[in-house]
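Presented sequentially are two complexes of subunit A, the first with subunit B as partner and the second with subunit C.
== the complex of A and B ==
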């Protein structure tokens, strides 16, 4: 211990060399640990965000739909006044009636159509069927199975989003016995009772709750659904909600809806009927293909992202067509040809500043100049693309300049010494070498513009777009604006749709980045 | 473009034959980099069909002088060249000479091998292509093959002309650069320390090549290696502090220099 100290003292004077080394090791280790934990923390945050978004979006993957066999006929659907077959396409009421008749034939009494409450399906849900029938009249008179998305409230209920529920089986229950209506003191429906050996704990807990948040308890068989209205010693007193009684059902289930009726968007009667339709196979889960194939709607179950997707694509095309050539050419001039003087320094500084300008300012500029002064159409991809091009331009210029700057000076002098003109030098030698960097910068800039929301809000792209836009002059919206719009929706059903749109946008952005790195590698290998 | 063509024809070797064997006459050539003097009042003659070596310590102005001969100093911001440099009867430093056309007749090889990141063939073919020297594909191939043969690279690369030039070894890359330079049929070849990044074997190969090329071209080589200057050159010019100290036959410079400073430098007293 003493020896090294002596040796070190002789070499380094006041500070011991051993101590220096030890301190350095500790500092190194601490810094390394900090760096690793920072990376770990950011990965953890990212994972939490992505997992939560993806898990919410999975709820939008499927939706509950009515599977009904309809027979549209000319007599039923064509009003006497109209003579053209294509008028069928406008007769939503006629199709609605056809569907409702089908549903009521299963349910028995038409209780759901009570106009004070939410309808089983949106009136517009039959629009696609009506249009299809009007377009191909050979569907008339044919019995076919049609699918209609049920109202988002019922859909959300069936996905467990509206009410807390527990289920179980009354395995040792005895048969139903009909009681006299007066026995339970309520005369609203048919009363029955069911006996059991042991009361399930859920039901016991539910019955002990305070009156204000009393859960609803249902007893279900394949043919009928009852609601428990009181409990006697060894039997439940039931009121029939829907269906027909069968003397000896195969199994008897119970359902406790813990959320009290006043606190949820769906009534006891509606719960009974939806569950009955589900048991009957009329309501079934199916893939929500409409999400990818239709435009926006006021009804969550009918809303899709196609219009916004096309709007985003059109806007991106305009942005790319403007910002890429201008940006690359500006970068070439600044980097290769411009003299170094006050003017070019001023331009350089301002391009760098432009990259730091909040994007909403560009939106204001677009609204003031493009809409008010030049009178371009509101909400159009052409205007959105122009505004986003301004936003992307500095990014493209800066990335392209960096890529050009990184090209070895040797290549330039080699080309010049062979008698190439400066322009030949740039086009033949510098640009091909800088291409991967430029392409990466361009794609990252465009990806950023694809995710931009604020400037588009100001030029009126936050509008309801049900129809897919067909050109850059049509009214349109984009994916991030749609996300913003849907995220402000009051109904719970918008939440999974918003998450699913975010996932679609993320997938597109990831694909763009993959494309950027693929192009980069491909060009660098050459 | 017409003016450039005229210049080209004036510089062609056939036109130069009538004159005596002086290729370049320089009179009071100075180079300023902003306020800094790079080269001061250099006057010398460079012989044709011979190798002229420029030696001197770092920063002595020998590279600056070399770059005057094909006006590569133009590519450096704030470099100012003055004086007369007459090649084939034309002052290349005058404003009406197109440096792009000049460089087509004065080839240059650099310190670091700098092939283009393209195929071996395209490296050599680039010059002939931009100057439209070849009429058709066969003629272009002929130029490329001849240039590679003259640069002594043909046997090593004839089976892989489509491979990237950067895949060759350092010495091969430098010979590729020489092939690229002679593909445009220049009068002169300028070499700026062409062997400083090469190993001794590759250096020997390049020196052999320079000796062979001497029969056809006027070669000016900047080198830090006095042995190399002694081996390859016929004329040697010694630069010091931006000035030409002396220029003479290589043999005399290395055995019996007129100036004391030259003697001190070649015997290793400074530099």
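== the complex of A and C ==
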């Protein structure tokens, strides 16, 4: 394969010959560099995808909750019209009032969030407490600490997702005048002033901003939170937002919320209230266990994946029950019994083709044949499992055939020569040897079907499922479909939940793959 | 589903009874004749069990799929004129509601007729299942009676069993053909119904897609979006996939290969919905802000790039990442099947490694690489979740990749994701689109598989 051009060049002289060799070496190195950087790039993509998802999912690990001591009593909670004690399980309003009273006793005044804008906690957040109380009435009349997840907007705010903030402390030394009711105080007497020798830089920068995007500045003590309404020379004029004044507090902190009020979902007053409750220890971060133990909800802070997890499991069971036996039997026929003829070739081509048909086409098949023609229920795991079984079948067949094909011919010959029939040879001798390989292939095929989304959308599995499905005929959804549904949610609070669901799904897939490769290794050692 | 439990219990009971009967019968024969059985008594039991339970199983499957339609037909024939005069859609809805209410026995219906009709469904269902169940038991008895006549001391029961098993195995393999037929039938049947509403030429060559008014079904914008996004994806996947495969098969040490190859294949194992989330979370916002900063350059006209929150570019790039492992693993296999003599020959003649790869190995592997790319394109065209989540819903023809576009698959999902009444052109158009998709991917796959097979026989 000598290139005539190259020969000519090397004849032009020793020097250019050296140059040619050098260029050739450079080309060699460039190609190698390019090639390895492409491998690196692919692995880097993998790392970026996993890391970004995991880092976001960490935000869903904890959740800010109200820690309140409640004393549910029959007198307070049993509606007038009700006769049965279990009716208090439906009295959300009563429980809501109990919680709000508790919160008010800390805040000392009604919440802004009571009347308008976002509520501090969703009305449904007390549902689990109400149910528990209705189920075991001995909780009545007992004072216990209860936890209620706060509204996702507040949760996101406290996690720093809604507004940019900076904090600092105003040390006592820099103060030269104590807080006192301002001379310019209104009738309410809520105005105070505080002065400094040196104003913190953040506050200076904040006050110099244009009016349109003026940040909100808060001054906080353990007992009260104020908002800065203006600056006069070296004095801050403050308006009390929440709490009681202590003339000589131990510590004074400030908080600058850089995102202007009009650009965020949470008002200044609400920021003051929620921070006050946090300082008072009423709002505390806690592990978000509800994520694993409840179904879907319209409120992000109450939503969980249990229903989808069970749905995925039911669907997987149906898929496995259908595709595994049929797939293995088909593989046995093709590998051990099929005559070499046109029909066999046709079936083989068919299987190879089906393996590459886009999954959504199977969804169309499910919608047209299973739902429309056979009238099977929409959104049910039985239909989802059937569709995924058809989708996984080619994979199972191909994997099982490979495993059967890998069985040594000697085993077959030995079995036949000792008088076994072909069927006995396959069932008693070939199949046991091929079993680990078949199981590996089956697990990998099922793992793929567990992550499948598109066909399930077409058979109506993208529905709101609050209750855990109890059978394959119930309405259900699966983990990937839930990921799709949550990822299209308008509120940003869905984002960490979606990421956390992805992490759960990936963990399941990794476990299945680890199991498969463990089996494969054991098999190879034999 | 109590019906499934009844069916299961019935089958289990029939199975145990028939196995025991077959076995006892065989033992009886053995002692009566005093000779050894040709086939063991266990096989006799299994033989009788299969003869009894197989017809029952098939009968149950048939009953489960036809009981609904039969009851429905019977009910419709009993409905008064005023209900039958309703349009089909409303009648369907009414029946569906009644059906749902049969399970809610504690709910009292206000309309006495509806209440009666609801209980009529329960009664009819009971009758159908009673008759069906009775005939299934009769079928089981018939199977038992038929098979037990073959039970003699020297009956080749094992041969009978093996023939039956072989037939079952063949039937399993034939399921793959059935699936293809099912796909074809549903696409063709619904597609034909769609083309009764819309001229096929208008569908294939029309440039306006707006299914919500049940009128504009010009699919060209969808084809454009699909091809455009596939091109973007292949622009990422082809070079990275092929170069990675070159490194893995030509340069990498075996130990590096053992680590890197599975790591790359993990990319193929990530569910596509995760890629979609990644696209809307990270890639689309980056592309949008990049496009905005391009728009702010002085020499660029205002609003030159659309800079949409969803963009064809975001979907295409992420899809490219998804396809890398498909391209690289097929290419890797192809490169490794190029005989080592070629490499040794090239190196012996003084070529560098790069020259060996570029001039000898790659040309030899060209058809296989072509097939790998074809499989990649077929993936890109059929990929759904990434485009549903990240590409947008607007059917438009534009060369600006930062604007949102839609694809065939994304439209199929948006057409069928809600309620699907199978009689509007809107719903049916999804099947016409699916038909085009199926045809294109099957052709690509067939070509690719053929090329790979020819390639294997050339070097095999």
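Here are some notes:
Keep in mind that, in the parts below, the second predicted complex is superposed on the first by the 463 of 526 C-alpha atoms of A that agree within 3 Å, B and C clash if a C-alpha of one lies under 4 Å from a C-alpha of the other, contacts with A are read in each partner's own complex, and residues count from 1 in each chain.
Heads up, the rule we're going with is that contacts are C-beta pairs under 8 Å (C-beta built on N, C-alpha and C of every residue); 3 or more make two chains touch, one makes a residue touch a chain.
Just so we're clear, the structure is a prediction, and the values are computed from it rather than from any experiment.
With both complexes brought onto subunit A, simultaneous placement of subunit B and subunit C is permitted, the two fitting side by side without a clash.
When the two complexes are overlaid on their common chain A, residue A:421 makes contact with subunit B and with subunit C alike. Counted by residues of subunit A touched, the larger count belongs to C, out of subunit B and subunit C.
Applying the stated contact rule after C-alpha superposition, one finds that A:255 touches neither subunit B nor subunit C. Contact with subunit B, but none with subunit C, is seen for A:410 once the two complexes are overlaid on the shared chain.
In the superposition on chain A, contact of A:264 is made with neither subunit B nor subunit C. Touch criterion met: A:473 reaches subunit C, while subunit B stays clear of it. In the superposed pair of complexes, A:240 makes contact with neither subunit B nor subunit C. In the superposed model, A:35 lies in contact with subunit C only, and not with subunit B. Using the contact criterion defined above for the overlaid structures, shared-chain residue A:59 touches neither subunit B nor subunit C, since it reaches no partner. Least inter-chain distance for subunit B and subunit C in the combined superposition, rounded to the nearest angstrom, is 5, based on C-alpha atoms. In the superposition on chain A, subunit A positions 421 are in contact with subunit B in one complex as well as with subunit C in the other. Contact residues of subunit B toward subunit A in the complex are 70, 72, 75, 77, 100-105, 107-108, 110, 112, 114-117, 126-127, 130-131, 164, 177, 180-181, 184.
On subunit C, the positions that touch subunit A within their shared complex are 1, 4, 65, 68-69, 158-159, 161-162, 165-166, 168-170, 172-177, 179-180, 182-183, 185-187, 189-190, 239-241, 243-244, 246-248, 250-252, 260, 263-264, 266-267, 269-278, 280-282, 321, 324-325, 328, 346, 349, 351-355, 357-360, 375, 378, 381-385, 388-389, 409, 412-413, 416-417, 420, 422, 430-431, 434, 437-438, 441-442, 445-446, 449. Contacts from subunit A toward subunit C in the complex involve residues 1-2, 24-25, 27-28, 30-32, 34-36, 38-39, 41-43, 45-46, 48-49, 52-53, 56, 325-327, 329-330, 332-334, 337-338, 346-347, 349-354, 356-365, 367-369, 371-372, 374-375, 390, 393-394, 397, 421-423, 447-448, 450-454, 457-458, 460, 462, 471-473, 480, 483-484, 487-488, 495, 498-499, 502, 505-506, 509, 513.
Considering their complex, residues 339-340, 408, 410-421, 424, 428-429, 432-433, 526 of subunit A touch subunit B.
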